[in-house]
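Going by the order they are written in, the chains are A, B, C and D; count residues from 1 in each one.
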């Protein structure tokens, strides 16, 4: 059986499960759960996987769930969906909008579309299970907690993920994005940025504001540091290398008339290559120390490096294989994805397992709305993006596309050797 | 009667009131009251003034008290003492240390020595009243609220002070300082700085940290502003003109990864001449607007000018007259005061009344402690200064000196024409 | 006749002209001429074109030469080569190295490879003329002066180029680059940067160094301007958009002790999109004015915008057509070109004529040398790049490749309709 | 004989020598000589001193001259006058204006009034010699070369000055200034600033302007250094301590498009206390190193410290003694001198000899012109100051006052013990 025939056979079941999937999605959207608290979501995913015949392990890295469907000799494909929602108050006006709150009473919302990811992967799993004759190998459906905080993937790995599943040959993941629903968008090589956060505390010496010579002014020191850090992007990295360095906060002092003891800045760095990431880190450390030295600071700065996420650098060969399958199936709806300034922890899983991976986007925006905004040049303002309180993927063709992409990509590996 | 004989005659009564004054002082120190809340202090001052024969008006500008003792034709001298304490928890270890709290339960302490000022002025008033034959003219004892916030003097003026007292020929005031007890220190011309506080809010445009081109970064804007403001002192005022410009606080943003909407800095400026004060203000306003323009800010900065105090520029002739009297009485203990970077609102009173004034310091530190610290070069660290929780003037000779200075200075005007 | 057959037919003549071309190239390399002085080069090009049967116009925009070969109905392709050399003293050690000097005795060298471009285009013209039966349409060979100064293309246009030639359907150009000889490298869309130079003079007010308050310090003003300009790249353009802003010079003052009257900086900007180019220009102007305002400058800055070159943004469709032909002919040797930070004036010609264009690179480095350097990671230091005194393309397969690329690309348009 | 009688006796001779002195002065003004070239001036001074009976040594430190008049037991007073002129083209319009040029044909002018100093000291020497009975002790008249370059005093010391003269008890010097002629102005303590010049070369790494990541940008480094140096004055010295730090020049690069290899700044610092001078020097060195470290410079900065002059800190006791004599003789014309931002090398001599000193100013401006300018508030623009091409002291009462001040100050030491 050819890969194409395989795809057609598996996806033939989509019509039969569509209304169930849509209902499942609406329910999930109405019941979002924050990272590490995805108990209801995880339970539903595990329950369904078991019903489909997957061999399920749960409570991996907290609320993580993995289902394995062994279907004879052949490649092993791992597909990952993330489950967590965000502490945002939903303003979509949807009939199934979330009114959920967390333990502290804060509103919670699926503003990043992870509910779409979960639904699409469950749909694909069901179809794969229904049509075992159409493919050969092993399909792993992985439901990850806490992507937003960047901890979930590492938590599952630390909890022994590698020992609980067969070693995959490839890992796949997808994300709904503010592109027209129906499109799938792939990108070989650097696709998502690495994120590094730094908290730098500079130490001065407090004094009355009228006696600057008796103190060391941390307000001036931190300000010079902010100014100097601009040169990392403007002078220290190649103009052809995308890098962002944003100082998102600066805090020092309480009143106009006292020189404070310390100042703190927090900054976020986004890069796309490990060597650039390291070069920027080195520059930040070097500059922070030098600015404190320039001020005659009584001690060097404290530099706290936190909230790191790796760059998502899609394997070229894997991406080409998936993209070729997408072009064959989706035709013109298969596009190239531009490089993204967002970050993801998905790649932690394949890197821990030592296997290649690719990660792609698929559209969730009403195509008509998108086309109108594009015509007016107002996409940035008219199309709600992820993390926005109005982010509301249209149910269809978003869900269908997500299921199809999950099936087509898996069968790019599992479909060829089928009976 | 010569001025000198007059001084000797009035001060002859000091031995008889010393122990009463010391007890009064210790009680006052143990019962500090914050600005505009000096009801107990004001009541005691008014009660005593009335007992001495002064014609008393109270509740001027809130808790202000004025006593007038008319004693025949002659000059009229107004002497001012300030009454308020500070929200500081006392750590002097004195037997009469304050345990008082304000209405919100915050500790209160006479950490600036206003209790010494009140006691010394009441002592002088009692001596002046006891020895009316030794001088001629009018003595006004004024007890002012809320010096620390810079509002008290203006409050008394706004409440009609000028209409409630005879117009003085001169206004006098003194402040206990961390010099050896027993010393009095005068300074003609600029003596205390003007203070101006500014709160500057710069307006950016928030954006995700990964999209700086979609925002206007207020962290960079405020940092550049802090850096640029350094040039006011380094380039825009004469090197021979003392100016301090301290940015005491800077605040913007909450996390590393978002470009905030605004940033706020607070700064304090100290100057000694009105034209310099204005030039610095103009420079601050000019630079703040220009830095916002350089960043392409969506709106100009908000600049809030608050907490102003005028420079205290002692009248040359008045200061010379008082200083000459001090030299005659105190001998070597009469010194020259260096220019001070602190500020005061006393001068608002004589300026409102249109009369000359002088303001001097007198020591409150144990001379032996001071000498040891001076020998070691550790005055800055070993001698507690005003506003420090350990500020504890030695009772004597501090009180005696304060009373003597108040009498000697008044008699520099009132003593010559006496019978 | 198919395009492929057409290519084979035309290029069949290459073996017969190779040794002549190589001799021509070595002679040209030994006789470089600076921009606008390419009289010998232009004369030889014109002479050869005429011999091949082209209809030649010369002295266009100074030394420019155009040859037109009309060969029946069909598309019209213009191919441009640049002729000028650089004021660099050759250090290649080649037997045919230049010892030429210009009128002022300065050494001159073909350090940018324009001698390769001229030779390759003449070779292609000869082959096209020899095999007219293999293609149909019009072939224009254009030899442009003064590319290095960015003036030559505009000079030819200003001199009526459009009226002297048939309107082409497409314009093509190629450049030898430090890639392995034998490779051709194309890039759709932005390929070369725009260049803009700015000279900014800020006006202060001179004063004795001891009286900064009497002056306005242009050294501080220019320094703040340099610092502020860093934020254009770090904050005002998208991290995904390559932009370079280099302040290459700063000059003010003559001795340590006088505040000068003015300061001057010169800066170079490289961008790849017109809107980014304009945004950066706006930012520079805005910041320069604001920094002068911040300093209280007596007058706004003088901003001289000079030395501009447009971005080279290859037409997507044209590039794809040429790239497809290259892949068919060169196979693996047809590559994708990375975006270049260099600039070119070629695109002025097709823009003036209103036609699409593409511009590609081809290798000139000894493949063995390149491979060794690549293996050691020392390409940057071991492979001499354009404008380096040691830049020495290997004669073959560089010339063959240049001729082949010029023929193949032209026949992508002219070959299909042939008899 | 009292000091006062002594003064009257010595100065009784002034009427008799006035016209000769005025002629000498006009001749000297018309024949200015640059530093180390004062051969004519020195010869005339030596000739006159010998004629008055002084024991003369010449060619000390080049053109320096010293005359010693021993007149019995008593104190020894050294009085110094500087002889050199400036490379300025005179524009006074005076009948005796200089038309002199130096060896290179550059115009030379006595624009700093050293001709007045020489004349006044010779006049005083003549009077002292004529009236030996009126004083007792030793009078030393010293004529110093090369004050303007700050080298002359050190040159005389290095040439063995201390061994050629009796050790003085005190050293005195005076300078004509743009105050009303007839006034003498003294200042105890800090009077003239120290000067320190620094040349700082920062080392970057050159690169093409389009590849900042391959270089280290010295333009940015030097600009940040200029900006950072502003904080020395604004934050590191007491607001009550006058300090000037002016970066008078900055130079780097030649064209907009190359990152240069180095940048150089020159700066001038003026201070009034040795400890402040050292603190500022330490701060400059610290900041320069730190800014280079912040940029990742390949090597630390080169810091050349040159052109230093010490602060002139007048001995308190000496100044009081001289000022008291001036008050007695000049009455209201004896004033207090404000602190000056100029520098002098006179103090090198008494410091080398280990003796106290004082230095004062005396007026040279037409009193009527000065009064008009003062009334209009235009002194800064209407009264030509030293080093201005229009600086033209009125001959009288300038010369008389200079002679009188030189005699009165010397007799403050030598007059009391007279017969």
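We take it that a residue touches a chain if its C-beta (ideal position, glycine included) is under 8 Å from a C-beta of that chain, and two chains touch if they have at least 3 such contacts.
The model shown is predicted, which means the values in this text are computed figures rather than measured ones.
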Far-end chain from subunit A, centres as C-alpha averages:
D
Contact-richer chain pair (by C-beta pairs counted) among C-D and B-D
C-D
From the mean C-alpha coordinate of subunit B to that of subunit C, what's the distance rounded to whole Å?
72
From the C-alpha centre of subunit B to that of subunit D, how far is it in Å?
42
Taking each chain's centre as the mean of its CA atoms, how far is subunit C from subunit D in angstrom?
60
Name the residues of subunit B that each touch 2 or more other chains.
210-212, 217, 220, 224, 227, 230-231, 234-235, 239, 244, 270, 341
Using the contact definition from the top, classify how the chains connect: line, ring, star, complete or other.
complete
Which stretch or stretches of subunit B touch subunit D in the complex?
227, 230-235, 239-240, 242-245, 270, 338-339, 341
As the complex stands, subunit B meets subunit A at residues 193, 195, 197-199, 208-212, 214, 217, 219-220, 222-224, 226-227, 230, 244, 246-260, 263, 265-268, 270, 307, 341-342, 380
Provide the residue numbers of subunit C that touch subunit B in the complex, in ascending order.
210-213, 217, 220, 224, 227-228, 231, 234-239, 241, 283, 286-287, 289-291, 293-296
